[in-house]
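First the structure, in the form of structure tokens, and then the observations on it.
When the chains are written out, they are named A, B, C and D in that same order, and each has its own residue count from 1.
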Amino acid sequence: MNSEVNLEELTSRLKEDPYARFLGVEIEQIKKGYARCSLVVTEDMLNFVGLLHGGLVFSLADVAFSAASNSDHLPSYALDVSGSFLKTAQVGDRLVAEASLIHTTKRTGVYRMEVRRGDDLIALFNGTVFRKVSGE
Amino acid sequence: MNSEVNLEELTSRLKEDPYARFLGVEIEQIKKGYARCSLVVTEDMLNFVGLLHGGLVFSLADVAFSAASNSDHLPSYALDVSGSFLKTAQVGDRLVAEASLIHTTKRTGVYRMEVRRGDDLIALFNGTVFRKVSGE
Amino acid sequence: MNSEVNLEELTSRLKEDPYARFLGVEIEQIKKGYARCSLVVTEDMLNFVGLLHGGLVFSLADVAFSAASNSDHLPSYALDVSGSFLKTAQVGDRLVAEASLIHTTKRTGVYRMEVRRGDDLIALFNGTVFRKVSGE
Amino acid sequence: MNSEVNLEELTSRLKEDPYARFLGVEIEQIKKGYARCSLVVTEDMLNFVGLLHGGLVFSLADVAFSAASNSDHLPSYALDVSGSFLKTAQVGDRLVAEASLIHTTKRTGVYRMEVRRGDDLIALFNGTVFRKVSGE
């Protein structure tokens, strides 16, 4: 693991992440092996049947995944993700995504992401990253 | 399977899908068990290290997944997804996502999604839907 | 949910599950929404490089998944699974798999499976089932 | 990629894979980036409701995954797997699993596994490996 990740600097950089900003994602907290972020559901985040779009839910989780995995080693790149959609949400609801380290090696890491609205679990995902080492 | 899905009407409705529109996704083709859609990468779709954001790549695939699965039965809701990120892309690149039916029962369906830039495979996902029946 | 699952009878039936017996899996506990089972690693469970075979690790988790999901509704059939392999184990080690309900509807359910050797997490999986209703 | 994998030697070693032998898996063919293996379903491979056990189906696919991924680089270790169960099979049926390389880098690789009985697709899985380099 790269012990030199500067979490303040990482947080600043993630607050400027273009796609996260585009979606209105707020980076709430980044600790080593953990990140929490949130957004408020807008009309733009629904699908054609009026439910929360799965792509949006995953995108929020993915921002947390990126923040948590890069807190452990910079840069960490997503290899694989998997997950389940459990509930929907309404316009105006605030969704919170948390990502937590489950297991790491020097070269890979596994994280769990949970998206909630209040106490309701909306979706859960697992993701695996590759830890890039300079010179590779 | 619900044989009464009107593909013309479904296509019209998907062209008004709020999240797909928000991302600039174009619905190119919907056939029974198949859909193709695309977008052009903008600055807003990058992450904080300047690469294509995984959430955006999945979102594009998810629009195709929704279109293909609802072509077989309306409504079909995503239960599970999984996949891998293989390559990145640049601002200005056009990404094409195709979703194809692998297997269906009356109540569930499995689809494969592939996201390409020209001949390059950028990401691949599998997804499973639940076929909702009225009255449930 | 089918409230009539008789957990004593289910436990008896799972103790006769042919594949679980073939692998030497012990069904330790089944409660509503939860199951725990275990096995002791033998030479037959290694792969050609001398590590624990991924197929065996998943098989143990799958026995727990089957027990937990059928405790909530009988019969429940696995639709999708996903997971990660974190550590290996040695001949003679005892592996314990636990499966826990994360979310259920009348027709589907999501479970998390964790395989441990003592406190070490060896592998984790998520799985989704379909709840079959008689007459379908 | 390690270009020095000796496919004849790998095939010999995989034919002695303890878990594959325990399950009665036959290694039919290994080429660079591809493997095919098979087994005949026995009573021991069923679950408590008389259907093919998911753990067995995955195990067969995992043997093919191991063979294909190690043909590209030795050793390659499974990080993540995901997949769907589509159909069951009967005692006496011959199941064939094929694993094919989808994408590789020097350090990781993605493979697709399909399990068939004749023309019927029984299950499909994706898997990602880490390519271990000596000295790590």
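Quick note on the criterion: a contact is a pair of C-beta atoms (placed from the backbone, for glycine too) under 8 Å apart; a residue touches a chain by one contact, two chains touch by 3 or more.
Computed from a predicted model, the values in this text were never measured in an experiment.
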{"item": "Chain whose mean Cα position lies farthest from chain C", "value": "B"}
{"item": "Chain centre separation in whole Å, for chain D relative to chain A (CA means)", "value": "32"}
{"item": "Inter-chain centre distance, chain C versus chain D - centres from mean C-alpha coordinates, in Å", "value": "20"}
{"item": "Sequence positions of chain A contacting 2 or more other chains", "value": "79-80, 82-84, 128"}
{"item": "Contact graph of the chains (line, ring, star, complete, other)", "value": "complete"}
{"item": "Complex contacts: residues of chain C adjacent to chain B", "value": "79-80, 82, 106-108, 128, 130, 136"}
{"item": "Contact footprint of chain A on chain B as seen in their complex", "value": "13-14, 16-23, 43-49, 51, 53-56, 58-63, 65-66, 75, 77-85"}
{"item": "Interface residues, chain A side, partner chain C - complex", "value": "82-84, 86-87, 102-103, 110, 121, 124, 126, 128"}
